[in-house]
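Below, each structure is written out as structure tokens.
The following pair of complexes shares a single chain, subunit A, combined with subunit B in the former and subunit C in the latter.
== the complex of A and B ==
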């Protein structure tokens, strides 16, 4: 790996200043589970690495606010997957966090890092999309909230401006507790990158939200407000047709060796239908995990 | 006497250090003044090297040496276990993605790595071949310079060798039913968790080399010959490898590191990355066409096999894997007419080499899948079809070779019993069963020395490499029992050619048999001395003294060996030294150069669940039963069988090396080359073994540890067929492949039926 400068600011302001100064030559280090791999394989060679772990304002806490939750920038997957409030109210996120990487990775990897890496296959992204999460970013011009759907651009690229970094992720209070689920396709049952990753939330008002990743440059949120998908009595064939219409924008890469576009698309539909079914069941059960 | 040790499962010798990280692997050895090496290669499979400019690389602070082919003796020295075809560094042309054409040695790894990027290479990418069809095309570029193969009629093709085996007259055989198909096996890599590591250091008037090598004595010969040194001036240290699986049998970069160390006058170390190991070792891919003829009652009347193996750019030991894997490809069956043609086909890819199973898993995938198809076509239960055709103990099932050395039907019946073959599988599940046979070593030579010290403790010197298979434990158990010492009073010394006597190699599951017998003989040598000692002390005639399993018996009186030893050695003390030798000479007339020392035989039965919408195959139950003769250490036998079974599930369900159109490995590294994790194991796994003490090793043992890998793939594919009706003849059975097969079958109901079933 190429030599780089290493800074460990103790204030948010200090980190923002470093980022503003170095722009794309700077990389942030929180869990390091994406960064270190890419430094070692030479796919990135930043001039400076800014370590966020000593910044007092950034922590790994998961706090309640206005009936919703705020997840600190340094909260790791293990803690998110284990958090009782997330498991109860944002179950798809808990399920997604529980399958990111391996145990060792989940003990280090942060939710904020997962979304800032902006991999189209990021497992937590679809869940954050269906729950309408907001990203809180601090930068030279102050703090702003970015709706998660306006955060992702393409692999490795977000709408964060120069000098901005994510300080927390907000999950709004669920209007009514939806039935929700995360599903994915991998090449093996052990840890793997997803060839389809999908979250679904069915609300009591009949709205179904589905978000999927790994089928295009960024994760995509779609919504069924007709009530058809949420209807437990609607025929499966009608639901399949509806999903086809909703998933029309999926555009998997033909270059990937993980799965062919044909298989990814077919699996998107299989997972979509299964997710809707599970979410409806969970809605009926009150979404309490065992 | 102490309790018997052989047949028990004492704690693994060296096991604690291995699992706690205390064991020193090659990469853990840090010599003073060492230089760190990195390899320089091109980002394509085949290229003509026009110029190499090392000036910028040499200017990197800390860089001490940039070695290219021009810095080596000319012509560039070549080496290889079968053909001397692999250059120490590529000269003039590179032949596969990752082949080094230069190497850097620097004070730090980072400096060496930086310098690799600054070697300026002008090259021209050349057309290359990566597939069997591509390599066999008459217009295909030649992988090897025909000048390297003088007098070889195949020199102007990419076929390195063509092997013909068989007996009887296949063309004259008349069958009621013929079943045929072509079965493909992908490239897979050994994926030893310890990376290959090499260190060389000038050693007064010779050289010392550390390597994670399975065959230290073989490496000693290679280095001595390349450097024109006497064997005694080449010292090989071979610390216990962290997994070898065949990939560490033969020299790879040791010669390069040795030349670098001599040139630099300092020790040089090279530890490969996982990515570099993918570019260093793999298993041969294959496409095998099988035609089997049966009477309508299920009796096999002929077998006709044409096997094409895609080996790499250099032969390594690959052609031997093709020969050995093909020679037994008819399997453990009684068949009157067999014709086998097998080709080793060179390509511009990573040189394939030995890998657990040694050319057999490819053949067994083909032939056992074909047997399952035949069972369906004949309307005979797949288990019954195997039992009907299986060779009986003592039957000469391969004319001119070792007769069937096991009661193989018992192994098959035991596997069937464990899986509950007679009862239907759980709803939605399918069952499959297959057998695997592999010839053990055809020649061998294992020397050993055993020293019985004055207090009754024992040192065993054995040139075997313990790469995790547990050889140290087995050897210690034998010596402990024979000499009456507690197991923890036995030390096993390995891995230093200046100290340990010659052993030919650690391969073909031979060590328990060859080195085991050698150590047994060394112990017997000591026992003879104890016997003379006891007779002298008593005094009685030697004929009246029996020494056996740690004890001295004179008439009805039993004395531990140690008591006789202490009295016999007297005040001077000292020790008794035993030497052992087990050899199996070559038989030049035999097609393989020798008959099988033993056969490994395994039966695997599985029950699978297939998700028809996603193509997921979950192995719900996996039963593996091996014929081992005698389990000298039952828990190690199970460990080897279960490990082999899981390794087999890797190539069955998920592993394959993927190339791009330029011959570069696309899934280079762990992220996209997937091996089974603990979550991918069968939901339930049961292992068992059959012991009839009918092997040539100590106490009737046979070699084992490859057997349980051999037939995993055909057993799983048969179960997938049983569950879904779809026949898949390509590996791995990845979710996408299974999904596609199910999808295709749904669209055309004939898909998945045997390719050709014709009554004659």
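== the complex of A and C ==
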């Protein structure tokens, strides 16, 4: 690994000042499970690494806020997967956090880092999309909220402005508790990146939201407002046609080693239909985990 | 160009003060600065788990953590499992079931298993598989490793 300077600011202002001073020569360190791999393989070579873990204003707490939840930038996947409120009201996010990497990875990897890394295969991204999460970012111009759908650009690129960093992720209060689920396809059980990662939320008002990743440069949110997908009595064939129309924008890379584009597209439709079924069941049950 | 930084951490119950380069991982610090070579270097991308240690009682891949990040932390490596001449119950169980073949992955497997049993003293087989999913064994000794963890759980490994 190439040498770099290491700074451990204790205030948010200190971190923002370091980013302003060093610009693209600086990299932020939260959990490090993506960053350290890239530092070692030489794909990035910053002059300075800014460790966010001693900043008083940034913590790993999950707080209730206007009926929703605010997840601190240092919250790790293990804590998100285990949080009773997330498991109850944002179940797809708990399920997604529970399958990121391995125990070792989940004990370090943060939700904020997962979205800032902006991998198209990020397992938490589809869940955040179906719940309409907002990213809270702090920078030289102050604090702003970015809808998660306006956050992802492509692999490794977000709409964070220069000098901005994520301080928390907000989950708005669900209008009515939806039935929701996260599903994914991997090459093997255990520790693997997703060939398809997908979240689905079916609301009591008949709106179904689906978000998928690993099928293009960024995770994608689509919505069915016709009520067809949410209808437990609608024929499966009609639902499959509807899903085909909704998933028309999926564009898996032909160069990926993990799975062929044809396989990914086929599995997207299989998982989509399965997820709609599970979400409908959970909506009927009140979405309480076993 | 880079200044070494002094950190203080507790390793296997002993307070250690060490000057580390910021770009050295915790794995580098344990092996090269502290001479604790029980922790193994293998894939260096967080997939194999050979470098697993406990940091503040949580299993982590020490290849994906900088040494400086461990400042103030308590670290347990495989060298810290036995008490004097007495092996840890997990180590006994690994011996008893023949779970160690070439042995290279075993330090990481032991620490992942120790973390698992601390949280879940009587895990199901599925929970053992999930708890050890981040630890690869190139000898493919998974059956014996899983059995060893189950045997240790039965013997009350988490209480020691």
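General remarks:
We take it that the second predicted complex is superposed on the first by the 290 of 290 C-alpha atoms of A that agree within 3 Å, B and C clash if a C-alpha of one lies under 4 Å from a C-alpha of the other, contacts with A are read in each partner's own complex, and residues count from 1 in each chain.
Everything below uses one rule, namely that contacts are C-beta pairs under 8 Å (C-beta built on N, C-alpha and C of every residue); 3 or more make two chains touch, one makes a residue touch a chain.
Nothing here was measured: the structure is a model prediction, and the numbers come from that model.
Once chain A of one complex is fitted onto chain A of the other, the partner contacts of A:260 are limited to subunit B, with no touch recorded for subunit C.
In the overlay built on the shared chain, the residue A:33 is in contact with subunit C alone; subunit B does not reach it. Of the two partner chains placed by the overlay, only subunit C lies in contact with A:49; subunit B stays clear of it. By the touch criterion stated above, A:2 is placed in contact with subunit B and with subunit C alike. In the superposed pair of complexes, A:101 makes contact with subunit C only, with no contact to subunit B. When the two structures are aligned on the shared chain, A:191 is found in touch with subunit B and with subunit C.
Looking at the superposition, the partner that touches the larger set of subunit A residues, subunit B or subunit C, turns out to be C.
Applying the stated contact rule after C-alpha superposition, one finds that A:270 touches subunit B and leaves subunit C untouched.
Overlaid on A, the two complexes show subunit B and subunit C touching the same residues of subunit A, namely 1-3, 189-191.
Residues of subunit A that touch subunit C in their complex: 1-6, 8, 29, 32-33, 36-37, 39-40, 49, 51, 53, 78, 101-105, 107-108, 189-191. Within the complex, the subunit B residues that touch subunit A are 110, 113-114, 613-614, 618, 653-654, 658, 666-667, 669, 671-672, 674, 676-680, 734-736, 739-740, 743.
Interface residues of subunit A, counted against subunit B in their complex, comprise 1-3, 41, 185, 187-193, 257-260, 263, 266-267, 270.
Residues of subunit C that touch subunit A in their complex: 1-3, 5, 21-25, 44-47, 49, 52, 58-61, 63-66, 68-69, 112, 115-116, 129-131, 133-135.
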